[in-house]
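I've put the structures underneath this note.
One chain, chain A, links the two complexes that follow: it is found with chain B in the first and with chain C in the second.
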Partner chain A sequence: MAEKKRELVSGSRLVDENSLKERLIVIFTKWEVILAVLIVFEFILFSNLSPYFLDYFNLMNSTFTFMEKAIMALPMIFIIMSGDIDISIASIIALCSFSMGFASSHEIGAAGIVIIGLLAGLSAGMVNGFLVTSFKMPAIAVTLATQSIFRGISQAILEDQAYTKYPEKFAYFGQGYLGETLIPFELVLFLVLAAIMGFVLHKTQYGRKLYAIGNSKEAARFSGVKVDRARFINFTLMGLFCGISAVLLTSRIGSTRPNIALGWDMEVITLVVLGGVSITGGKGNLFGVLMAIFLLGYLKFGMGLINLSAKVMIITTGLLLIIAVLLPGFLDTVKARRKLRRQQKESGMVEV
Partner chain B sequence: MSETILEVKNLTKYFPGIKALDGVHLTIRTGEVHALIGENGAGKSTLVKIMTGVYFPTAGEVLYEGNLLEFKNALDAQNAGIAAIHQEASMFSELSVTENIFMGHHITKGRTRRIDWKAMQKETQALLDELELDIDCNTLVKNLGVAQRHMVEIAKALSLNAQIVIMDEPTSALSMREVEDLYKIVRRLKDAGKAIIFISHKFDEIFEICDYFTVLRDGKYIGEGKVADTNVDEIVTMMVGRSLDQMYPKTDVAIGKTMLSVKNLAQPGYFSNVSFDLHEGEILGFFGLIGAGRSEVMRTIFGIDKRSAGTVSLDGKEVHIADPNDAMNYGIAFVPEDRQSQGVILQMSIAKNITLPQINKLSKYGIINKKREFEVTKTFGEKMEIRAAGWHVDADTLSGGNQQKVVLAKWLATQPRILILDEPTKGIDVATKAAVHEFISEMASQGLAVILISSELPEVLGMADRVIVMHEGKMTGEFSREEANSDNVIKAATGHIEEGVSL
Partner chain C sequence: MKKLLSIIMVMAIAASFIYAGGAQEVAPADEDMKLVLLVKSLGNGFFEAVADGGQEAAGELGNVESIYQGPSSSTAEGQIEIIETLIAQKVDGIAISANDRDALIPVAKKAMKAGIKVISFDSGIASGGRIVDLAPSDEELIGRQQIELIAELCDYKGQVAVVSATSQATNQNAWIEWMKEEIKEPAYKDMELVEVVYGDDASDKSYREAVGLMEKYPELAGIISPTTIGILASAKAIEDEGKKGQVQLTGLGLPSEMKQYIENGTCQQMALWNPVDLGYTSTYILYALATGAVEGNPGDVIDCGRMGDVVIGEDGISIMGTPFVFTAENIAKYAEIF
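Let's look at the complex of A and B:
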């Protein structure tokens, strides 16, 4: 094109060519790495405080308490990544669990119950997705409304009753182990789903589009990205995963009450935000959320072991959240200062 | 009698990664309009921000009325009498003109410091009248036009008793008549002994209104002088460091067959009855004032907005374009007007920006082929001469001109047959502008059909084979390259339909 010679882009370097120290700083100021370090710290702390913490059997079994939420966190990453939110998910669980209980009370077998639970979740997700994309309503308003509706349906019919009769085979999903091992089926299922969702988010065109949408819906649309279709898929996926989670939870506790999973919506969103996904969208990764899940899960377990009340746990979570939200900005400032100082030392070599 | 009111000496400012200012000098005198000239990224905005207390200098000093300036924040600068009016007026749109003008320094009364609305309204109206503005002081700012907002900002500066008024590209969103009004006000301020710093990319403005100029390039002081003693070529040479003999390198291309044919396209409230043909190798200019409906026509063709009537045909066959993805598949590319919110995704890397429109094609079973992604990025990024530390850097670290090159690269990479450019050189520096013009010319000579929307008359006249003019949603003129001149085009743009011009 133009005749002038200019310095062009030099290649495919992914990081600046820095010293080892600089590179270590880059790595250890990444939020997901900080979370991983916190997990190590957590393990050292609790294994010193309680002899029961660092026990294979305990570590495996304690995952039962947080795997259902962990599974819901996976599609929530997609939703928050693309700048949406879904606060109806706990109610979707109630709806799914109610559907399964209803099916079970009509003598339907374990396989049938699971299918009905998944379908209930899928449909609820589609309703959310349809309302959000077709009527151009903000996701928070739509899911605030469906939050009441989905749980309301199960409350209206169940009132203060509960479904407690489930087939024996159905118990495997939430209580079973993989073969003869001590590894819970829930944990295995979560890890498989996390691998799939991580792959979709980081390696496929679909994941790339979610980042684009989260950063700028408008620019994504101008680039030919079918924004509403992706958002619809996200909400549908969210519903389906709520269905999976409802199967596990209902199977584990063996009953359905209208207040099942109450408050889980915020807990799941907490996992995602603590995992470093920007609440405004466009930023974050699945690994960070994975770290947040195990950090909080084992924190709860460890605190239980040393008899700290749940309230301490809630306060700790809140503090961690504040740090998670504040830290990225703080680290950017520190990095910028360091760069500036170095530059002033070398003085004047930088091209504008 | 003009005397020095502000003196910038050897000012230097570092930012992480860049030296924004490097030993800059600037002397501002009262009763003078001083043009601050430079490409984007030359350091003008940084200099303004130091003068208004937003940034602190790394080295050097600013003397204001002979005293060393030590502003701790923007409020200090305001109180001292330096006011800046920004490119895109930043105001509270839900508040009235009065509230906007007195924001932060409300007039109060009594010991309880109640807001004295009457006094504020009276003073505001007096200011507005003094500027001969036909605006009621109780109008909500959201109901004002862009030009009126600028005037209100100027009124605000006056209410603060500003001695120095800094105008950062004040005309970028104004129509010609509004620009005239602005000039009037600038002259009045000058006569009142205020010092005005006028930042602009447009040379006609500089020669029309400014007395003195200072040129910056790459953060360095290049030179200064009286506007009356210089000419465009001299200033351009100072700005870009070399002479630009050709700003509009239009090559002659044989016009081929009709590619795109639009018939009676309409969208109520925006435009109606728009019909035109676009041919192979042709550059079709669309001229008009902001709000004439040109962008809306193109958005509709590209499938972003829904049309209510009319047809779009490609190669003689009617097509239905429901969304931008369809348009892309038909070989249409659209470089939108608002680069920052529609063109690039600021927090994504250059590579990801460039490959976004065709990410499906670069994937197999949905999985992105990183190697092909890199190849496409490199090919088109290098073709557009994007300047950056690497393809992985985020678009928001680039200058406006380089961001625009990313947008062009991204659409060029889709290998379009029809290229629609909406204000492709808005707010970018002279050198990049010339590069974009060269790019347009090259595309046309390769047989692409190009639509060029521009509010800059020289650009349309310099680049287009044919010019269509729109006014308030209607086509009001169509001129061949030979016929078009500034008189008939501007007349059509202000609503006069030329006799004898076939539409």
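Let's look at the complex of A and C:
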């Protein structure tokens, strides 16, 4: 503890000494800042390549295509932060959408459909949470199993059929705009949810507990954190947010088929990892994920505008991911080396 | 530090807006008409051939840019994302082979509201989500053509039989009904359709049924198998029974699977819709709609270049024509495609 304090003191003095240059280096080696710079670069690039990119309506409207995944990324930060993973989320969407379609086919109104969708998500999340915490099974094994089960239910009942009748009012959630503006309802909802989740993660005791759990479950447990309760809450939240996403997606495409949202689990995890949340837990923040969401969303949109093939998109995402995983470690070594050199220099000066 | 960070960001974003704002004004107006072929997924030979057809049509029409697009995996969500970007770049027309006939309706409606002409081909969008749905062929054309093909192979005489899919298969049953109609024509007075057997679209059962036919009718002159699995199994059965040259074979088959049998003469000709023609015809239809030459109402006639006229039918459903015939001359080229 005492050592850490000394390090901090010497660190701040060094920043003072090297002032602006040092401070810029610190800022621009932060992953979320690198992402922000990439977004700026992306905007400059695409607005030069296509006259349709920097258009208020288009920039707003294109968020429709990635807001549902963005909403799912929020609780996924909590899960990955505490060292878990959930790969059943796309199947939870299928289960929720199926429940809503079933409700709708039984003449239940828009409000009822939404409630049923949210409840389906909540319960699926609780099942995941229960299995993970009660049977001490790794989250990846549990959610791999529930991935098949949740989607399997809708596949077994729907087969190659689809629910296509939804009430007209229901279309608002995924297709509507805020009042008379051109701002999609989905975008507003996401920003509100992001603010709430950001507050919980960074300003509450619960958030701090998640970081502790991610760094070491054992250590957290010994220092009195109710680890399993927090993990259960995480998975339940994940389910609920999948429910919200399912409402938006089902409303946007106006139909339910068993293969709905197929492959979204990996896309959502991609957003979180690209956002700088360590896949082993304990590191990262919501701001970085926010940046990753808009970076990837607009990257896809921009590439679509200049009619680049989807293959290029996949490769680009893959490269970014590799950088996202490798760079923090690389930067840490660089920083550590700089510090070491500086300390050597300093101590050398003291000796002289 | 956070303050500094946010200031830099805001400045950078503002700069990019100003920079881009200037760029936008000098962007040249695109004169070419942009017609898009949006397929189920990329990396599929069938759809690459559709794209070739689009290019061919664009070349003939002149002021058309044919754009080929598709998601990396066959999902409706992926197609919707692409349609959103197509709306944003204000293309003139989109022809879609849909991954989901219902899920694409809302976004397709949005595109049509933005003035973009939307049609579907190969795999249709439900009514309300497109102006025209281009079907590769129809029951009557397919059924009648099958009889013509087998008649040419066995000189308009002898017994023929059918190896179908399942006995409940809607498509095959409808085609077989038209085969029975066609064979009543005077040209086929020396021919007889003796039996329809069902291989259930399983290789082994189709094979056994074909062998059974040859044993039951020693004078059998030809087999028609209007299903890709059945025709492949029948070809093998004919060779194994040593009836090559004696029992002729035709049907609907995949060029890649049937290449060896077409080249060695077991099955001298067969039919199937051709993806190149689908892309070609779709592009012609989009062009006619986007130029305002036709509204897309039932009864409208569209000139589709080498494919002839296509008539828009009830509910926008249009028929491209009789299936394409594959022979030893052209099979190698198409076998590489699908």
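The rule is simple: the second predicted complex is superposed on the first by the 322 of 352 C-alpha atoms of A that agree within 3 Å, B and C clash if a C-alpha of one lies under 4 Å from a C-alpha of the other, contacts with A are read in each partner's own complex, and residues count from 1 in each chain.
Keep this in mind: contacts are C-beta pairs under 8 Å (C-beta built on N, C-alpha and C of every residue); 3 or more make two chains touch, one makes a residue touch a chain.
Since this is a predicted model, take the numbers as computed values, not measurements.
Enquirer: Just chain B (first), just chain C (second), both, or neither: which does A:A212 touch?
Expert: A:A212: touches chain B, not chain C.
Enquirer: Quick one: is A:I279 in contact with chain B, with chain C, with both, or with neither? Answer first, second, both or neither.
Expert: So A:I279 meets neither chain B nor chain C here.
Enquirer: Determine, under the contact definition given at the top, whether A:I108 touches first (chain B), second (chain C), both, or neither.
Expert: Touch status of A:I108: no partner.
Enquirer: Considering only the touch criterion stated at the top, classify A:A336 as touching first (chain B), second (chain C), both, or neither.
Expert: first
Enquirer: Which holds for A:M313: it touches chain B only (first), chain C only (second), both, or neither?
Expert: The answer is second: A:M313 touches chain C but not chain B.
Enquirer: Between chain B and chain C, whom does A:L305 touch in the aligned arrangement: first, second, both, or neither?
Expert: second
Enquirer: Per the contact definition in the header, classify A:G224: touching chain B only (first), chain C only (second), both, or neither.
Expert: A:G224 sits against chain B, while chain C stays out of touch.
Enquirer: Go through chain A and flag every residue that touches chain B in one model and chain C in the other.
Expert: Correct list for chain A: none, the interfaces share no residue.
Enquirer: Quick one: which bits of chain A touch chain C in the complex? Just the residue numbers, please.
Expert: Listed in rising order, the residues are 23, 26-27, 33, 36-37, 39-40, 43-44, 47-48, 50-55, 58, 61-62, 64-65, 162, 164, 171, 175, 249, 252-255, 257, 259-264, 300-301, 304-305, 307, 309-311, 313-314.
Enquirer: Considering the complex alone, what residue numbers of chain C touch chain A?
Expert: Against chain A, the touching part of chain C is residues 1, 4-5, 8-9, 12-13, 15-17, 19-21, 23-24, 27, 42-43, 67, 69-73, 75-78, 80-82, 84-90, 100, 102-107, 126.
Enquirer: So in the complex, which bits of chain B are touching chain A?
Expert: 14-20, 22, 41, 43, 58, 218-219, 242, 304, 323-325, 327-328, 334, 336, 341-348, 350, 352, 356-357, 359-360, 362-363, 366-368, 374, 381-392, 410, 431, 434-435, 438-439, 442
Enquirer: Write out the stretch or stretches of chain A touching chain B in their complex.
Expert: 1-2, 4, 6-14, 16, 200, 203-206, 208-209, 211-212, 215-216, 218-226, 282-283, 335-337, 339-340, 343-344, 348, 350-352
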